[in-house]
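One chain, chain A, appears in both complexes that follow, with chain B as partner in the first and chain C in the second.
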Partner chain A sequence: MTEPKQRNVKFVHPIEEAFVKILNFYGIAWEYEPKTFALSRDENGVITEAFTPDFFLPEQNMFIELTTLRPQLIRHKNRKLRRIKELYPEVNIKLLKRSDLRDLMIKYEMYDLAEPITGTAAQAASAQQSQQVASADAALEEPDVPEQKDEQ
Partner chain B sequence: MVAITLSRQIGSLGDEIASAVGALLGFRVICRELINQAAAAAGYPEMALALIDDFGLLGMRPSKRCCASFAAAEREVYLQFIDQGHVVLVCGDGAVMLQELPDVLHIRIIAPANLRAQRLAAQHKISVAAALARVEASDRARRVFIRKQHRTCWDDPHLYDLIINTDKVTVPDAAALICAAVNRFAGAGSPQEERHVD
Partner chain C sequence: MALDELTRDPVSSVRQVLFTEQQIHERISALATEISRDYAGREPILIGVLKGVFVFMADLARRLTIPLEIDFMAVSSYSGATRDRGMVRIIKDLDCSITGRDVLFVEDVVDTGLTLNYLLRNLRSRGPASIEVCALFDKPGRRLIGLPIAYRGFKIPDKFIVGYGLDHREHHRNLPYVGLLKPDQLHPERDSGQAG
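On to the complex of A and B.
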């Protein structure tokens, strides 16, 4: 299995960063936005519409486009993907609708994977966990409660 | 031409055993390559991701059509590797797909779930509870895949020639057991005619 190369890539969206962490976790090699596909040109051959999928997975020979679950965004991207398939039938491309994986990541203690999703339950859980540890530590440090006298 | 299929549970040390067997016998160990090639041949590269994704993080939902195409392509890819001989195919369903082939030894590596969770917890520096959740998720994903694709149970001992529980058996001992089995197997199955694989 090829170890994915670590790169200093600036991601446009946090879900891309989270997705990369999942790919790295599974040891799947990836490239970020390596290719732009021309979708339409004017009469002079100048590109008027193009599409750059988010990722290319070389071992699977597949492009991945990520989207959130907003229906308008999905429709827009689906239209572009259909156009790519018409113009470049040899290209494998998949639209991944990212559902909320934070709970799953927290369950498996994949805090590092959940962390890029800003303002997440992962962070809340992490903070809550820290708070719980702090409370437990504080409880250990509390002076013993005086024993109540038996009133019998 | 002798070949091995090796099915393993997560945390059972199956990958380490496969590597050790490969080194001892001079066999090529093939794992991810199998599913990548089969998925590509099927025309559904996303199937490879679905199989890699034990924990359901990538969100791949392969269709029935995709699974059926993959099953057909998978067998062809397995047979191509088997034809080359001297390979260890690390895969969940090799024993199911290649059951009728006479020169293929089917191995299964297992260990108790709690022990596997402890190993994962130590390896990934997570709690045993989270590790156990990963073990259960992986077992479920692999079990469901075999059941859906082949309508059989991956834990069926009849599928395998040798099952090793790494609770007590170490990686070197497991590798030695498998090598001994392969050597006897290469000797036409007769203990008197034991010979080494060339």
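On to the complex of A and C.
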């Protein structure tokens, strides 16, 4: 079995670290952001849009993306996930949404992490995170992308 | 009625019956017929993880028409003080060897699949002839780890259910049916997860 712990990993979000602790507890091997998928290229073949899922579980051959954004704020992420499925149909990728993560944190009694993605206090944090994600995405995304309905 | 009192009153705590006693028994009988046919000529050992599985195990075993053995395990879950101990601990191991045996792993409810995945890996390392999973309730919407479930009773939505062995704070296991608790019974800061 692959060693389930990666050393010296700097996680972007505390919920990623909490997720890893659960995986480690149950002996699930994982890799953090091991692969970036090119989603579009310009006429010179230079990547103009890409996506890096948070985790890869080698034993399950599955990528996992975590998001604490509210459903109405994850349009960019959903669009990229749909694009990955179009371009790389062989890739198995699962999105753990805000509600999934909240339930997971509550299930494992990590209330301090569940609370910020449960109550109203989370809304401001989510909006701020959303703006940061949108700003980062805007640098890579092509203009005039038609808005698509979020996956539920 | 006080909340604490409601929690201990199994009937008034349930807002909706999802599966009646008869529906559960009919489904288990169908599963037992299928398992008895598939294991004809063999003598499997049925393994369950305490506590939630004890009712299902008893009813399933009594409907099987093949010779069999039964054993139980208990494991720690990732909660409270146990999370600081690093990994899952087997609190109660099997009493018998499964080397060379046909194992039927019996589960009450499967959701994330994390515990089941750990246990199946553990059991496979003991060299059984085969391992299959029989789950009465399956919550595929919560699955993190893909697992093959050979025998499935019911697919259910991602709701907290009680009865037929499944508890809410150790209560309601004795209900003969499976239902949803009333909202005032569930404490959102504690009750999202379903443990067997």
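Assume the second predicted complex is superposed on the first by the 90 of 152 C-alpha atoms of A that agree within 3 Å, B and C clash if a C-alpha of one lies under 4 Å from a C-alpha of the other, contacts with A are read in each partner's own complex, and residues count from 1 in each chain.
Simple rule for what comes next: contacts are C-beta pairs under 8 Å (C-beta built on N, C-alpha and C of every residue); 3 or more make two chains touch, one makes a residue touch a chain.
This structure is a prediction, so every number in the text was calculated from the model and none was measured.
Of the two partner chains, chain B is the only one touched by A:Leu113; chain C is not. In the superposition on chain A, contact is made by A:Asn24 with chain C only, not with chain B. Of the two partner chains placed by the overlay, only chain B lies in contact with A:Lys97; chain C stays clear of it. Contacts of A:Gln60 after superposition: both chain B and chain C are touched. Where the contact sets of chain A with chain B and with chain C meet, they give residues 1, 22, 25-28, 57, 60, 62, 94, 104, 107-109.
By the touch criterion given at the top, residues 77-80, 83, 86-88, 112, 114-115, 117-118, 121, 142, 144-146, 158, 188-194 of chain C touch chain A in their complex. Touching chain C in their complex are the following residues of chain A: 1, 21-22, 24-28, 57, 60, 62, 64, 94, 100, 102-104, 106-109, 111, 114-115, 118.
Remark: chain A residues 1, 22, 25-28, 57, 59-62, 92, 94, 96-99, 101, 104-105, 107-110, 113 touch chain B in the complex.
Across the complex, chain A is touched by residues 31-32, 36, 39-40, 45-46, 48-49, 52-53, 55-60, 126-127, 130, 133-134, 137 of chain B.
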